[in-house]
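Once you scroll down, you'll see the structures, which are given as structure tokens.
Both of the next two complexes hold chain A, though its partner changes from chain B to chain C.
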Partner chain A sequence: MEQLPQQLINGIWQGAALALFAMGYTLVFGVLDIINLAHGATYMWGAFFAFVCITRLDWPLWAAIPAAMIGAGLLAVVLDRLAFKPLRTLTSGGLVLWVGFIVLLLGLIGAWSPGLKWTLTLSGAAIMLGGIVQDYAAIRPLRVRHVPHLAPMISSIGASIILISLAQGIFGAQVSRFPPDIFPSKPYTLPGNAVIAPIQLLVLGIALALMVVLHLLIARTQMGRAIRGIAWSERTARLLGINVDLVVAQTFFLSGALAGAAGVLLGLAFNRLDPFMGNEVELAGLTVIIVGGMGSIGGAAVAAFLVGMLRVLSVGYIDSSFRDAFVFALLILVLLVRPSGIFGRGSSVRA
Partner chain B sequence: MPDFISHNISTINFILINIALGLSIYLTLATGLLSLANAGFMAIGAYTAAIIATKTDLPLGIGLALAILLGTLVALPFGLVVLRLRDVYLAIATLGFGEIVRILALNGDKLVRGITGDEELVIFAGAEGITLPYTSPEMILGLPDTTWPILIYDLALVYILATLYRSRYGRIQAAIRLDESAAATLGIDVVRYKLLAFVLGAAIAAGAGALSTPIVRVIDPRNYVFSRAVDILAFAVLGGMTHWVGPIVGATMLTSLPEVLRFLQERRDVVNGLIIMLAIIYLPRGLVDPRFWGGWWRRRPRLRPQKVEGPAEVEARPKAYE
Partner chain C sequence: MKARFLMVFVILALLMAGCGAGETPTGGGAAAPTNTTAAGGGAAEPTAQPGGSGLSGEISIGAVWSLSGAAAIYGPSQKNAAELAVEEINNSGMLGDAKIRLITEDDRSTKEGAIAAFEKLINQDQVVAILGPTLSNSAKAADPIAQEKGIVVLGVSNTASGITEIGNFIFRDSLPESDVIPNTIRVTKEALGYQKVAVMYGEDDAFTKSGYDVFKQALEDNGIEILTTETFAKGDVDFSAQLTKIKGLNPDAIVVSALAEEAANIMVQARQLGIPETVRFIGGNGFNSPKLAQIAGPAAEGAISGAAWFIGNDTPGNKAFVEAYRAKYGSDPDQFAAQAYAGVYILANAIKNAGSKDPQAIRDAMAQIKDLPTVLGTFSFNENRDPVHEPVVQVVRNGKFEVFTGNE
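So, the complex of A and B:
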């Protein structure tokens, strides 16, 4: 039992980082009613964006974290355009975007000469940009579609595979590490013989700050009102003159930026990055948003601390190899007993 | 032809295994359930057969039977509890199931040692996995003896599923997929048929797992992770979820594709992901869509006047129109 204070502290800072991940997850679900299974891949890419900024571009940490958040946010916006938007409305710009995406992938994965590789990659990116611009400049819906509920989930699984495989190709499958001297590592001793490393304090601080910012954004700003309006009823929001397309893009940006922040912070704290790091947190994140109630941001934050604590305690007191089994047992239990989650509004229809 | 088979025998083996797996997820998808538990059931089957093969002298047939039995026994109670969930929630719960199976396989020895108290016991062999001894395959009628069981298994599955497709069960399945509430008002016991589809799918996946053991020979938990579940899903998504031919086409294409696209070997996952996305976005009903293809070869016969019994009635018809 003398380990308990230490376990609690570990549970808190890991829970805080998990909360960032899960809040972005649940935000997208709340607005669009879709589970974005590529969220874990966005998280992984966020971590690698910061890695590139720090190791290749020699940026300081304070600049790399926001850069990674912006990068991951933009990635999430493009992801929405590729994987989810065509399932809602087929537009001519969307088709152009897809053509560009295929050219880009061809450039990235093909065994071409360096010149051709860059030409293909860059022209693919340019075509994609053209597609997005076209959608904003002159949106031409070809067809509004009604696809099965499963379609977005399956499509995001495909996107996730592509993102992970690309990261594997670019950064290799092995574990990458930040330079060790990036952050002071002398731990502080707290009452109860618990220690906390400065990096863990940083994780906790940034995570809590971002949670407050997100709360203010959702609760106080015009954008937040629009997001909540669409979550309530997209049709009504549209009738009231809300630019749904723009707000959906903003939602995805927020969601991706949060995932990116979580990726950098957890990547820093454990100092290990690999292309599959998203898978693990993906499943923990799913548990969090279900325990918290799908679409409930506050619920996700609270549930993240709960799940973080459960993981840490099961490692500390039972057996580290069964950590995830406990998380999934909790997941299935909550799904069965109260599918709307602990903090979700009771809605038996949804589940 | 014999040359072609012997050169590509491993691809052919994997195509056959993947066809069985594709058919297992087809059963649930055709009933409107997105279950990602098939990789987990495959793991159950593979571990059962591998343990039978390494610890006893029993033949593969016994391993297969036990694997199917065990898969069914696990799927029944699990299905009963999770099939109350819909759509995304069901997918997540079954995803969790797959992970729990993997973690149990990874740490199975710890559990067994804890129960029996025997510290030296090795059954699951943790992350290294169970390795089956290599026996050079005997050729029977031009195919190795490891291929025949899967081929026969696939043929049996196709026969069963084709029969089911044309039966009352197939129509009930489609009714539940298209509109669950409407199906329920027609007096269909939705829960029972969903459970049936889930358990059948689980049994098929467990059997496929068991039959895959002589071919993969190393059974370790990494073979049955989330990405395996996704691969299986991709077979059905590409091929189509409304007809049993769909997953066969999908599995064949996606398994042979890496062989065809050898220059992309390293990044074949990108192509896999791309195919899943393109198929679900631009071809949401898959390559094999009876509504689309059926229209082609049935169009003309439908337009012909129906054959009516007796000449009198045929003559009577035009008068009725006048």
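So, the complex of A and C:
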């Protein structure tokens, strides 16, 4: 029993880390009924945005974290335009955006001379920007589609592969690290002979703060009302004059920013960044949002702590080889007994 | 309806995650280049007798390294070292009028890449022998091609079991873990006198798992009690739950079978959780990267590992090799470099002794290599074409590997 205080802290900390990732994940599902499997890739890119800010631009940490959140948020917005929006309504701007994206990719991955490389990359980015503006301004779409649920998910898998490959091309497959001592590492000792590192406290604090902020945003603001309106019925929201495209973009931005924050903080905590860091957390995150109730932000937070605690205690008191077995047993149990999740309220009142 | 969608989502997502995890190139596992031992005889080869062998013209040797992809941290130093050795041999006139032409291919850390590289080297370039490939996984896929065509393969970083069993043309100069680890345990137990240990290993990786099997056997053979065995998976970053449990059991040492990245994180988190520095970490080949100490910093101090080569080795030509490598590439050679360097010299010696470019004659000369001075030590092949030389035990001191002497 002597290890119990430390294990509880380990569990709370793992839960906070998971909650940070899962909140943005569940938000997009709540609004759009999309499982965005590129969320893990956005998380990874958030970590690398901060990495570039700190190691190449010499920014201080406090500036790099918001920069990474904004960068990851914008990335998520572009992702929506590229991978999800064309499945809902296809506009000419969407096609322009795709052309720009392909030019950008060619610029980034091709073996060009530096001058041509930059020309391609920048003109690709400019065309994409034009595409987004045109897409946004489009009054009459080329086609309104009613695609099956699986289509956006498959699309997000593709987006995820592209984002991971890009990161691999730019940063390499090996592990990148923040400079040591960027954050104090001397742990605090707590009663019960348990220790907690400053970064763990920071993650816990930020996770709790973001949960409250997100809750207030959804429950109390005009934007939150619009988000909930779209979650209820996109068509009704449109009829009521809500700018659905804008709200969807805002939702993706929020989701991406949360993923970015998670990426930086967990990247810092373990000081280990690689293009595949999103894959592991994605699976745990999916478990969390299903157990918590798809689309329920509070549910995701509670489920994250539940999953974190379950993992830690199964290692501490049973056998480390079974840590995931317990988590997935919980998942199956929830799906059998309460398929909408612990806090799910059926499909109509999410978010 | 809703529930059914969820089920489908979950199943698909699990499938996808499963596949994805298998591919993560975190540098791990099976692919891990594990080996370490080779030796080059390198600079210590003053006995070359120019013109003595009747060889002339160009002798093409292929080299297949992982220069991109998951194992790209290992391939480049192999490539550098092999090129250095070829340059030295060609300048020394060791092969008489003949010069070695080294043809390097990148297998992109994949089996398919290794197979394609072998096909090209054998059919198009008509090489007499092939060095590599970097990964044991790739070797198992590609070596049979060379065996079938009767071309000598010298693996310089394959440490998994079952490599040389592929056939009589397949050699390696990299000591398997099953030779290195028991030596490490025996030497360190004598010096440190530990009685009870905790064990941690990566359970989803062929390399770390087989390292664990060897450790377990060696610990039992030496009468050391295993208090607990904890596992983790590729890509895990948080080991605090396992380490908290280990801390509660008060082991004398912690045995870790993991690759450098994971091992470093384990060390950092263990010290952070308050596991005292007197509890040493003992590991296998996975520790043997300068990255370990770079990443783990002070937490790596005192970590012990078995290796096939060590930068401060007092082996023939080692000092000259290290200096030449530094001068040419501006960095310290690692074990992979040393094994590749030794591999080129072993091959060159076999060609010299055979006095012919005939692959069969070279094969027979390879099998006869005995007590050859190399940077790995005095080197021989055993009857299974596996390497025989003395492994070393090293310890991290002030951020660098030093030979473990026991008196500390």
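Methods note: the second predicted complex is superposed on the first by the 329 of 351 C-alpha atoms of A that agree within 3 Å, B and C clash if a C-alpha of one lies under 4 Å from a C-alpha of the other, contacts with A are read in each partner's own complex, and residues count from 1 in each chain.
Here, contacts are C-beta pairs under 8 Å (C-beta built on N, C-alpha and C of every residue); 3 or more make two chains touch, one makes a residue touch a chain.
Computed from a prediction, not measured in an experiment: that's the story for all the values here.
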**OP:** Look at A:Gly110 in the shared chain and tell me whether it touches chain B only, chain C only, both, or neither; answer first, second, both or neither.
**Re:** first
**OP:** Classify the contacts of A:Ser321 with the two partner chains as first (chain B alone), second (chain C alone), both, or neither.
**Re:** both
Original post:
Of the partners chain B and chain C, which touch A:Pro180 in the superposed model: first, second, both, neither?
Top reply: second
**OP:** Using the touch definition from the top, say if A:Ser155 reaches chain B (first), chain C (second), both or neither.
**Re:** first
Original post:
Is A:Gln14 contacted by the first partner chain B, the second partner chain C, both or neither?
Top reply: second
**OP:** Figure out whether A:Leu331 sits in contact with chain B (first) or chain C (second), or with both, or with neither.
**Re:** both
Subject >> Which superposed partner A:Ile35 touches (first chain B, second chain C, both, neither) >> reply: both
Original post:
With the two structures laid over each other on chain A, which partner does A:Pro339 touch: chain B (first), chain C (second), both, or neither?
Top reply: both
Original post:
Which partner does A:Leu286 contact after superposing on A: first (chain B), second (chain C), both, neither?
Top reply: both
Subject >> Overlap of chain C and chain B interfaces on chain A (superposed complexes) >> reply: 35, 149-150, 153, 157, 279, 283, 286, 290, 321, 324, 331, 335, 339
Original post:
What part of chain B is in contact with chain A in the complex they form?
Top reply: 34, 81-82, 84-89, 91-93, 95-97, 99-100, 103-104, 106-107, 110, 225-227, 230, 233-234, 237, 263-264, 266-267, 269-278, 280-282, 284
Original post:
Of all residues in chain A, which touch chain B in the complex?
Top reply: 35, 82-83, 86-87, 98, 102, 105, 108-111, 147-151, 153-155, 157-162, 164-166, 168-169, 279, 283, 286-287, 290, 319, 321-322, 324-325, 328-329, 331-332, 335-336, 339, 350-351
Original post:
Which residues of chain A touch chain C in their complex?
Top reply: 2-3, 6-7, 10-11, 13-14, 17, 35, 37, 149-150, 153, 157, 172-175, 177, 180, 185, 187, 193, 195, 197, 266, 270-272, 274, 276-277, 279-280, 282-283, 286, 290, 294, 311-312, 315-316, 320-321, 323-324, 331, 335, 339-340, 346-347
Subject >> Footprint of chain A on chain C - complex, ascending >> reply: 2-3, 5-10, 12-14, 16-17, 20-21, 24-27, 69-70, 72-73, 203, 230-233, 235-238, 240-242, 244-245, 247-248, 261, 265, 272-274, 295, 297
